[in-house]
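Lettered A, B and C in written order, each chain numbered from 1.
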């Protein structure tokens, strides 16, 4: 597998483990001294700070979907840069809120001592982010984090 | 074209022919004994069962958009596995309902006797699925399956 | 970088510069005699016509998100064809309207005299396009083109 594909897979693992709330695997995608900046309001220094924030902010009642598109990756030896186009949706079930948005990510990757690529710096600038109240008619018909979701749909 | 790219293209053809309701091409992406499991409620054994279900469930009044992201594909000789992140939307026009969702696919692929890769097993676990009534203000401005869609937008 | 990857990157640059309203970079992704056809209502001949239309139609009060998936690219010497699956969203802030849609792109690419691939023909057929009024509860919490967006969300 070439470095570009390894880095794409790294980003997929980062987003998958984030949305599946698998915090050990999520932590493993970051360098120990990662710098992360999500929009204007949230910045973190170091793996522990990022993971702690995500773990405490994203309980099972908050469903997140982070999908990244359009990888533009440049590899230079053991470092690399990458641009991605994020599409994300956050369902805050307890408050029946939905947050949607899009952003351009600018990442830096490093091949660390064990030979694996990790995220050394990550950040994005949002095109937009919006919050809305979910309409009364809106109902969950499946929820990975709840066994008791009613089966109301026929498709 | 290497096997990984062939398998990505297979998945794109599967999803494109599904959303375009091109059932012969859709059938050709599956092995004859494919096993398919879409969420907890829908499981099928064999190509004919999958195709029959889709063909009868998805008339032109139901518009589907299935887009898969983040391919993580592992090839081992003539078999392969793949994980994908689905984003989907279903418009049930007759009832003015919209279903949205996200899921992680786990697929198995096989290179069959004619040298082509096909889907041997497919299934997903949904992060969430939701159903909502389309707001009164919501109106179609284009519809591939209807010639008479009004042209109300200027963009 | 092989031709297939160069063409994917070309498409990402085209969509990124479109959504970021970077019209010089956008123009550079097109051949001078490009033919563009967006749905049934909008067709253009030549780079200047495309760029002029986009520049005047998409001021900062109109936020666009165009993301393309499922690249199926065939290279034949210095020309190539490509199919993509578009997912798009347009926020018309002044009128609190949102347009959403999906479409299959059919593109033709050409390697031009300077060795760079450019878009020679582009067009799509929409699966659907819909327009809706944004609900009263819907509010922007980030906007790349506005410094004064209130920070109302905590995520």
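Convention: a residue touches a chain if its C-beta (ideal position, glycine included) is under 8 Å from a C-beta of that chain, and two chains touch if they have at least 3 such contacts.
These figures come from a predicted structure and were not determined experimentally.
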Same or different contact residues where chain C meets its copy chain B, judged by the half mark: different
Fitted rotation between chain A and its twin chain B in degrees, CA, nearest 5: 120
Approximate Å spacing (C-alpha centroids) for the pair chain B, chain C: 24
Of all residues in chain C, the ones touching two or more other chains: 69, 87, 135
Partner chain B, residues of chain A touching it in the complex: 9, 12-13, 15-16, 19-20, 63, 65, 67-69, 87, 89, 91, 134-135, 137-144, 151-153, 155
Of all residues in chain B, those that touch chain A in their complex: 39-41, 57, 62, 69-72, 83, 85, 87, 90, 92, 99, 101-102, 104, 125-133, 135
